[in-house]
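Next come two complexes built around chain A: one with chain B, the other with chain C.
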Partner chain A sequence: MKAYLSVFRMRWKMELQYRGAVIGGIVCQMFFGLILVSLYRALYAGKPQALPIEAVASYVWLQQAFFRMQLSSDSELMDKIRTGSIAYDLCRPLDLYGYYYARILAQKLLGSLLRAGPMLLFAFLLPRGVGITAPVSLPALIAALLCLILGLLCTCALENITMAFTMRTLDSRGVQAMLNLLMVTFSGNILPLTLFPDSWQRIITLLPYAQILDAPIRLYTGQYALGEAPRVLLIQGIWTLALMGLGILLWRRHQKRLVVQGG
Partner chain B sequence: MNTIKLYIKSVGMLMKSQLQYPASFLMQTLAQLVMEAEEFLAVILIVDRFDRLNQWMPGDLFFFFGVMSVTFYLTEIFGRGITGNFPSLLRSGQLDTLLLRPRGVLTQVLCSAVDPRRIACVAVGAAALIIGSRMAQVSWTPLKALALAESLVFGCLLLLGLFLIEAVFCIYSVKSVELVNAITYGGRSACQYPIDIYPRPLRVMFTVIAPFALVMHVPVGYLLDKPLFGWPGWTAFVCPLAGAAVFALMYAVFRRAMRHYRSTGS
Partner chain C sequence: MAFIEADGLTKTFTVRKKRQKGQLLREKTQIRALDALSFSIEKGELVGYIGPNGAGKSTTVKLLSGILTPDGGTARVGGRVPWQERRQHASHIGVVFGQRSQLWWDVPILDSFDLLREIYRVPEDRYKERLNALTEALQLGELLRTPLRLLSLGQRMRAELCGSLLHGPELLFLDEPTIGLDAVSKLALRDFLMQENRRNGTTVLLTTHDMEDISALCSRVMVLGHGKKLFDGALPDLLARYDTRRIITLRYAGEVPLPQLPAGCACEAEGGQYKITYAPDKLPTSQLIALLQSAGDIRELTAQPQNIDHLIAAMYREMDL
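And then the complex of A and B:
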């Protein structure tokens, strides 16, 4: 456990190195948030919906603030496999799944924390209906935070599965792209899942993509009542365990067939 | 003329090299197809829920989406050297070798990369254009076709110009500057919907600073017989020239910046 912790700490320190990039990223993300909120406001002006615009605005801002929790691809592992330096990782007396899980976790956690603070502050300062509104209640906020933590564990497990496939092919961009395909849409990043057709929502909220950010946001804005929190957390927990199990299995399998490139 | 021949030859060779790994290429192209289709799906779902956006009907919205998508990804296919590769060329010091050759730096940068996978995105955009044109019952005339062609060509120039801003920042700071994405990728996200739905600050930004509205929305408004801001028809042919102006300006700035270029030394 101590080893994984230090992997986590190292990655954490590395993330802190690029502060300039973080600030640029935040400003960029704020701008995207403003564009999206403006669009939904224009749409609402034409045809108001049952879901209040404040909830949509909060949805957009929370999505933008925790943007870094979404799946991404770590080109470092791909380079390691291409150059053969993966051999060093294989020498470590560690389980590789845990090693990479700790790395991804640090990357996502710090990436989100660094960005979420200023982003949410900015969004709170905006006028009502444009910016983010306060959570419906304190217990709802606590439930949303719990849900967010589980969501983080779930997204890391999901990303680690795509990493496992990197070992099979030298150029894994294709496989990664295929695995992450539905992520953009069904995580609510392009269009809030709350604005999808109501009949779709029953199914897409059960997919793992919705566990990452959609579930915590719905608890925050009150789309999920507090009484539903245990059910939501249970679904998240099941997905997290299932994805981790599958990930561990795939890593074991693919590790055996890994070819260390020379030269 | 020679330069154009050189570019065409490079593009041919680059395409061939990309096709060396057909399986990976196919999968990536397929992934691009689905990704852009998902973007289109978002517009369809919005239309499904909200019916319309101010004066703009579903067909109009699909048309706006299509113009942006085709323009943006055509630029990505043929201008990959500027839109994607420049920062790494600079950081790795490969730019130095370009300075030794008897051709312009920008020409060589453009000749250094293409991204044929994006053809899938262009296809989705073209499909959106056709569907939108059918639904909005556009009565095509040669003049309207000319306006669309002009909008696409100058749209590509505009995007190249905007991506050059990133290149210029990069020359001074070595690192790629994420902030510039706000007007390139941000412009794509914002301006796939007509500009007149946005509040004034955004409208000013995408009309004056990054004139997507002049290059794309004015001609499209003319095509759909719903002139943007109520401007007369001839503006649909004059406004897109703003794209060429932005490119010319940024090209001049780029050349000045290159004089300050100091190799990274690696």
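And then the complex of A and C:
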């Protein structure tokens, strides 16, 4: 376990090497946040929706702040698989799934934390209806945080499945483009899931993508009442375990059929 | 039972070729990287593993280190089947792939070493001792705090080697470890490997194209071609089998015809210079030189040393590789 922790720390260190990239990312996400909020305000000016604009704005800002939890991948890891440097990782007394899970977790966690702080601060300073609002209650905030942690574990399991596919197809860009499309659509990144028709929402909120950020945001803004938290956490937990199980299975299978090219 | 025991190892790869005009599907060919390869290596041996490009050397290393699974045959290393007990096996071996990197690109190499320490669970005091010995032997002291990306190729290779030896493996696979090293580092590395082998009884399987490495280090050589073992024995025996002839080049002062040479010698003349190929075991060198001297005044004479690379090249040609 200690070894996996060290891998986590190492990836964390690496993330901190390029601070310029972090600042660039923050500026970009702020810009996107402002554009999206303006868009929804324009929509509301024409035809007000059932959902208050404040909730939509909060949703957008939380999505942007934790953007890196969803759409980011360890390009170095993919290169390793593509070029065959994975051979070295296979010479370690470690389980490959756990090794890469630790790497992915470090990248997503630190990537989000570095960006979320300044982003949320910025969003709190904006006027009501444009910026983010405070959580509905303290218990709701705690539930949302718990939910966010489970969401993080879930998204890492999802990402590790993509990595397993990379091992199969070598070039993951095709698979990744497809999966990213699903991700931005069904995670609420493009359009808040709360604005989808109710009949759609009943299905979409059960998908793994909704577990990553949509569920914690709904707890934060009060769209999910506190009483619903156990149900939400249960669904998240089930998905996380299922995705991890699938990932471990895929890695095992692909490892046996592995070909290390070049050299 | 020997320390490494390989029996009938077979591995086939599928290679897809670019579609030719008029072809509907891509052509697939099966390449037999290893063809029923068997050998055994005792504990503490230093074995050189040579063969032309694509002979299956790296594939053997990958099988024995548990990275790949063979299509057929078995192997046991220290009683373990590498690809079935990969994790268990991994803590006992060290691998250097000369063409790949195991250290982290963006962080100082010392951080990468610390990570390796944790992964292999090396006790703190043992790690310090080991790191000191290695940094001294490989002259890494100054570089430990430098990120890998700022190192030159040779410096990086030295760091990679250090990384693979930190946990004191009982078996070391070296896949072209001297790529990009300068003369000083190469010699230092050879010394170090020698010591490692003598002191700790580390078994080494060295894959390389650098024949100097082999002749300096290895008491035993295995030659691989098209996935089959072609030779297994001492290096001098191998060379003796293929080429024992030497070459003498000479030039006389003035026009002097070459004396009649005994049978078994070949001679090429080119612009007053003679190139004589002879077999020293049949015609002693001193006798040949005396004969040449009797014909006239010699202005220039060079005896070419046996060029190991030429011999190996001739050997590969002869083996039709």
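FYI, the second predicted complex is superposed on the first by the 257 of 263 C-alpha atoms of A that agree within 3 Å, B and C clash if a C-alpha of one lies under 4 Å from a C-alpha of the other, contacts with A are read in each partner's own complex, and residues count from 1 in each chain.
Rule of thumb we're sticking to: a contact is a pair of C-beta atoms (placed from the backbone, for glycine too) under 8 Å apart; a residue touches a chain by one contact, two chains touch by 3 or more.
This one's a predicted model, so the numbers in the text were calculated from it and none came from an experiment.
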{"item": "Touched partner set for A:195, first chain B, second chain C, both or neither", "value": "first"}
{"item": "Partner chain in contact with A:137 - chain B first, chain C second, else both or neither", "value": "neither"}
{"item": "Contacts of A:20 with chain B and chain C, given as first, second, both or neither", "value": "first"}
{"item": "Partner chain(s) touched by A:75 [first = chain B, second = chain C, both, neither]", "value": "neither"}
{"item": "Touched partner set for A:31, first chain B, second chain C, both or neither", "value": "first"}
{"item": "Which of chain B and chain C A:43 touches, first, second, both or neither", "value": "first"}
{"item": "Partner chain in contact with A:92 - chain B first, chain C second, else both or neither", "value": "second"}
{"item": "Chain A positions touched by chain B in one structure and by chain C in the second", "value": "none"}
{"item": "Residue ranges of chain B in contact with chain A within the complex", "value": "21, 23-28, 30-32, 34-35, 38-39, 41-42, 45-46, 48-54, 175, 177-179, 181-182, 186, 189-190, 193, 197-199, 202"}
{"item": "Footprint of chain C on chain A - complex, ascending", "value": "2-3, 5-7, 10, 13-14, 17-18, 76, 83-85, 87-88, 90-95, 256-260, 262-263"}
{"item": "In the complex, chain A residues that touch chain B", "value": "20-21, 24-25, 27-28, 31-32, 34-36, 38-39, 42-43, 45-47, 49, 169, 171, 173-175, 177-178, 181-182, 184-185, 190-191, 195-197"}
{"item": "Chain A contact footprint on chain C (complex, rising order)", "value": "13, 58, 62, 65-69, 86-88, 90-91, 93, 95, 97-102, 104-107, 111-112, 114-115, 118-121, 147, 175"}
